[in-house]
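Chain naming follows the written order as A, B, C, D, E and F, and within any one chain the residues start at number 1.
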Amino acid sequence: MYQLGIVRRHIQRAEREAVDRLAQFGSATVHEAMGRVGLMKPYMRPIYGGAHLAGTAVTVLLHPGDNWMMHVAAEQIREGDVVVAAVTADCTDGFFGDLLATSFRAQGALGLVIDAGVRDVKDLTAMGFPVWSKAISAKGTIKATLGSVNVSVVCAGAMVHPGDVIVADDDGVVVVPAALASQTADAAAAREANEAGKRARLAAGVLGLDMYQMRETLAKAGLKYID
Amino acid sequence: MYQLGIVRRHIQRAEREAVDRLAQFGSATVHEAMGRVGLMKPYMRPIYGGAHLAGTAVTVLLHPGDNWMMHVAAEQIREGDVVVAAVTADCTDGFFGDLLATSFRAQGALGLVIDAGVRDVKDLTAMGFPVWSKAISAKGTIKATLGSVNVSVVCAGAMVHPGDVIVADDDGVVVVPAALASQTADAAAAREANEAGKRARLAAGVLGLDMYQMRETLAKAGLKYID
Amino acid sequence: MYQLGIVRRHIQRAEREAVDRLAQFGSATVHEAMGRVGLMKPYMRPIYGGAHLAGTAVTVLLHPGDNWMMHVAAEQIREGDVVVAAVTADCTDGFFGDLLATSFRAQGALGLVIDAGVRDVKDLTAMGFPVWSKAISAKGTIKATLGSVNVSVVCAGAMVHPGDVIVADDDGVVVVPAALASQTADAAAAREANEAGKRARLAAGVLGLDMYQMRETLAKAGLKYID
Amino acid sequence: MYQLGIVRRHIQRAEREAVDRLAQFGSATVHEAMGRVGLMKPYMRPIYGGAHLAGTAVTVLLHPGDNWMMHVAAEQIREGDVVVAAVTADCTDGFFGDLLATSFRAQGALGLVIDAGVRDVKDLTAMGFPVWSKAISAKGTIKATLGSVNVSVVCAGAMVHPGDVIVADDDGVVVVPAALASQTADAAAAREANEAGKRARLAAGVLGLDMYQMRETLAKAGLKYID
Amino acid sequence: MYQLGIVRRHIQRAEREAVDRLAQFGSATVHEAMGRVGLMKPYMRPIYGGAHLAGTAVTVLLHPGDNWMMHVAAEQIREGDVVVAAVTADCTDGFFGDLLATSFRAQGALGLVIDAGVRDVKDLTAMGFPVWSKAISAKGTIKATLGSVNVSVVCAGAMVHPGDVIVADDDGVVVVPAALASQTADAAAAREANEAGKRARLAAGVLGLDMYQMRETLAKAGLKYID
Amino acid sequence: MYQLGIVRRHIQRAEREAVDRLAQFGSATVHEAMGRVGLMKPYMRPIYGGAHLAGTAVTVLLHPGDNWMMHVAAEQIREGDVVVAAVTADCTDGFFGDLLATSFRAQGALGLVIDAGVRDVKDLTAMGFPVWSKAISAKGTIKATLGSVNVSVVCAGAMVHPGDVIVADDDGVVVVPAALASQTADAAAAREANEAGKRARLAAGVLGLDMYQMRETLAKAGLKYID
């Protein structure tokens, strides 16, 4: 539930062991393992290519054009966290830059996911501090209105509860509820187990039609071949 | 949390008395009374002007292009409910038309809020069945994949729990958590109580600058008048 | 194929009888009858509510900001035609207003479908000349570059061949290939035949779950009811 | 130039006589008379159909989510003005509702043009107070940051200087610099003078190809007719 | 024409020699050589910079969220083909990843053009398998509904017939009808022949105004120089 | 004011010394130093990462699909200028490629800012000629309609007067009025002076809450910590 003016100090983070296992998989695999739910909208893009992280969510609820709560959030970060920032209305302002990144990293943050804009992207890239955002904007923000830290938020169309696992890479950002972290890691591992074999067969020219035995189903569905 | 393949039969609806009181206010007033949170994104528009409702949410989680769960939802509708439909990915297909509206109304629904498309808008308008949607589209849907009914969903950027109050009119759609319905109605009533007096003074030519005593604060903030 | 600088004088229009039968159905029904293909994108909206037409397409290919070919198209209009205007790049300029509408109507046109902007919408509304467009814009156009008339075009994501049937109403715009007009009208009629009966049953409170016998399939798919 | 924290009390409004003459023309005609410049982007739409105004601009520069300066602007309104509100970053919040409309009207305003959102649209429609906006949103705003009144602004892509003429109707919003008001009114009048004759000829079936003598130019440009 | 449930086995591919010649030119040059038609919308972007291909189109028509037909398409790929995937409604799901890329490449495909989303972009980049898409998304798809292979489709606003030539690079994607491949290659070659000379003169400081002899035409058009 | 068919030969460029000082700062710092005004919309993106420039604006007003005036503008470029191109309506065509870049560079231009599309991006990247644009598109343009050079324009939502300073980098494009260049450079320098110290303290783990002494203000605003 949205609540304003609140900071929750103690949150139930997903178990470290499950987070570490999830870190071995891409967002696409984890999203499949979740049953194809929990993905943020695809407008969320990394500021540089190749970043990949899995961490526990510290959430922030911001107002448009106001990044006051980012400083409040910094104090709640623990080693291995990812800050997830939501805004109460659409906004592309640059809420975050290299100073905040320096602070977040010093507190142990792995990265930031923000449903708004970010700036100083050249510095952030040089620092290797990954950010997934919906915009890049030089426009700064003020510090005037209270939001909240560690409440449940909606970020880029996905519900995020404090302590949930965030898996993010070049393909997007997926949210795994803390309680499902371990079983999702199991399911992801199972999915990947036989991918190597499949890849080798496909590379050798075997068709998916045959490997997945689709021909009969397709024929039953009415597929017609014409010469 | 998103869960697929689940129908919750018994939900805790907001108290009827609070819902009825909320029904007296517009979405703008209720949104202010909530502390300016809980509003769906402004792309959600009514299919015809002038509609206004307040009801309790029966939620549906759909997959793109698949409206199977709308039929499952119909059975869970009680008198005074509003169906709130979320989709697991962006989609503008027309998930809902006059047949479903006939069924929903027969079960007691006041209207529909859907983060996707709707069709048969001429018939729905003639029926007086209000729908707030992000698109109008003749494109129909299939019935192939399970979603859920009465789980928490994200609809147009807002978190909706089954039983929450939905207040919708020409200005948009706001969600009031069931537990806050009564106090929000109180706050809304307090807001409106002295609006009539203000309107009369403004109509008489009194300036907001004077009525709200803003001149001193503006001067302190540095406002300069130039001739 | 796009071809520039060409006007095809003789086109094969869909049979009048089939067009007249299609005119009895809404775009949603016709789209279903087509197998859910042939729909223009939902950003195409009528300039006023309640319009409904079915006619044969005279196509125009325009360049951004240039409506020269609209005058060339006027001469190719026959009674019962609908002009379908495509543009070689995204453009929202107002290519069409009340003067062209007067001319198009005098030649027998029922309306216009344009993947760009239109202006004089108050006059067009007063005339009852329906237009489906992606924008309304006061910005006029020049007459400098050749396009084509009666070539195959892509309009709002749909392929349109000269002579195809256009069915348009409040729900959108659907294209029926001339050769499929008659069988599509048959299929649309079949779809509507038993809708009245269904509507009555749903209005009486019968659930779609029972009327469409969905319960067993849903259970097999794994749907679980929770109390 | 953007300047913050400034209110200009005395502005040079376009001459009333020229404004009154411009009021006789639609935005499309005025835009043509201007040489096809000065039009706001077509995402600016009226909150209800049929409104039409011409007035002198009182400009306001706002910050996202903050409508403080609207109250400051109210005091600068004179009979026949139109308030033109720009925002320093994209924002769809509802900066304006029925209370402010009551105040603006009491001061003599004809309407509002705002590159952001508006709310209470049902009340505004009932009052007949026209607003052109880019969104409708129940989301209210705060009063915390200084902007300016009567400085030059960019509104929906168009430059507006205080005192310029705003002509707005169903087709959009056009800005006429105060110094060009009279000559633009002349040019608009000249454009309309012979439209009636053209309309009659087109209605009688004369083709634009012949009325505008386009056939030769088209042939020279290479247009080919195919049977 | 859109047709569902069909796979055309034998298509008329553009001649290899013409395709090879077209491969020497960028999409901008080819688009000019076509007379400025046949370009896909600019939202189509390569997943990594520097890719450049020319190949013959194998087309696929997909439904939103369903990539079943991609496997059917794989079997129809011949050496030097490019798969062009269209969808019946807007969708950003990730229809394609590294496994399908492995299979497509094994069959001889040079790359993919898809009016939807793609995933596993890090792997695809490592493989050097180029994709032009409108989105990147971790969201996977199901295999439930029949589309078609090797029918004419609309992809990102462009009509594509099986066997047409696709030229794609950092500037976009252009479609050359098979029958026009040779003459388009000639026209492209002619365009480029004298570009080197022009570039040298411009680099030496000669103005385009003089090199293209524009001064007189500009003066005739009324251009005025002010000091 | 928009004026068509005009080329202003002599413009008042910002002082070189101030421009050179501004060149030391990023767009975010300059934007803050301006009081958070003057930023172009964030859809303006560089065609390659890492570019950074500060130069004086030569402005061009173009019509959609027509780049004639770019050649006229070339003659007005002086060493250290940046060309700023605005268009009278939304357009994504590629108005600019490697030939024009060769010419602009030969005349002394540092780069281009264009509220439209650009092409030949691979060549431009190889040349190291930076462009900030809203699109990349292979679509070329014609040379038929007069615009203007060195008039005031609106580019991506920002007002630009000839001679203003343009500061552009990975974070966006900011416009500094010529008359404010020196004082803005001062303000930017002041902002950066103590950033190094702050960065070091934040890196050492000091919280912004303490460094900026926010705790008391937050408590007064009502922030509550919950365990």
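In this text, contacts are C-beta pairs under 8 Å (C-beta built on N, C-alpha and C of every residue); 3 or more make two chains touch, one makes a residue touch a chain.
Here the structure is a predicted model, which means the values were calculated and not measured.
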Among D-F, E-F or B-E, the pair whose interface repeats that of C-F, with over half of its contact pairs matching by residue number, is B-E
Pick out whichever of the two, A-D or A-E, is joined by more C-beta pairs in contact. A-E
Roughly how many whole angstrom separate the Cα centroids of subunit C and subunit D? 31
In angstrom, rounded to a whole number, how far apart do the mean CA points of subunit D and subunit E lie? 41
Sequence positions of subunit B contacting 2 or more other chains: 36, 39, 89-90, 92, 139, 145
Would you pull the subunit D residues touching subunit A in the complex into a rising list? 63-65, 88-93, 139, 142, 144-145
Interface with subunit B, subunit C side, in the complex: residues 26-28, 30-32, 36, 39, 42, 45, 49-50, 169-172, 174, 195, 198-199, 202-205, 207-209, 212, 214, 218, 221-227
Contact set on subunit F toward subunit D in their complex: 1-2, 4, 35-39, 41, 88-90, 152, 154, 157-159, 161, 177, 180
What part of subunit F is in contact with subunit E in the complex they form? 5-10, 68, 71-72, 74-75, 92, 94, 97-100, 102-103, 105-107, 117, 119-122, 125, 135-140, 143, 145-146
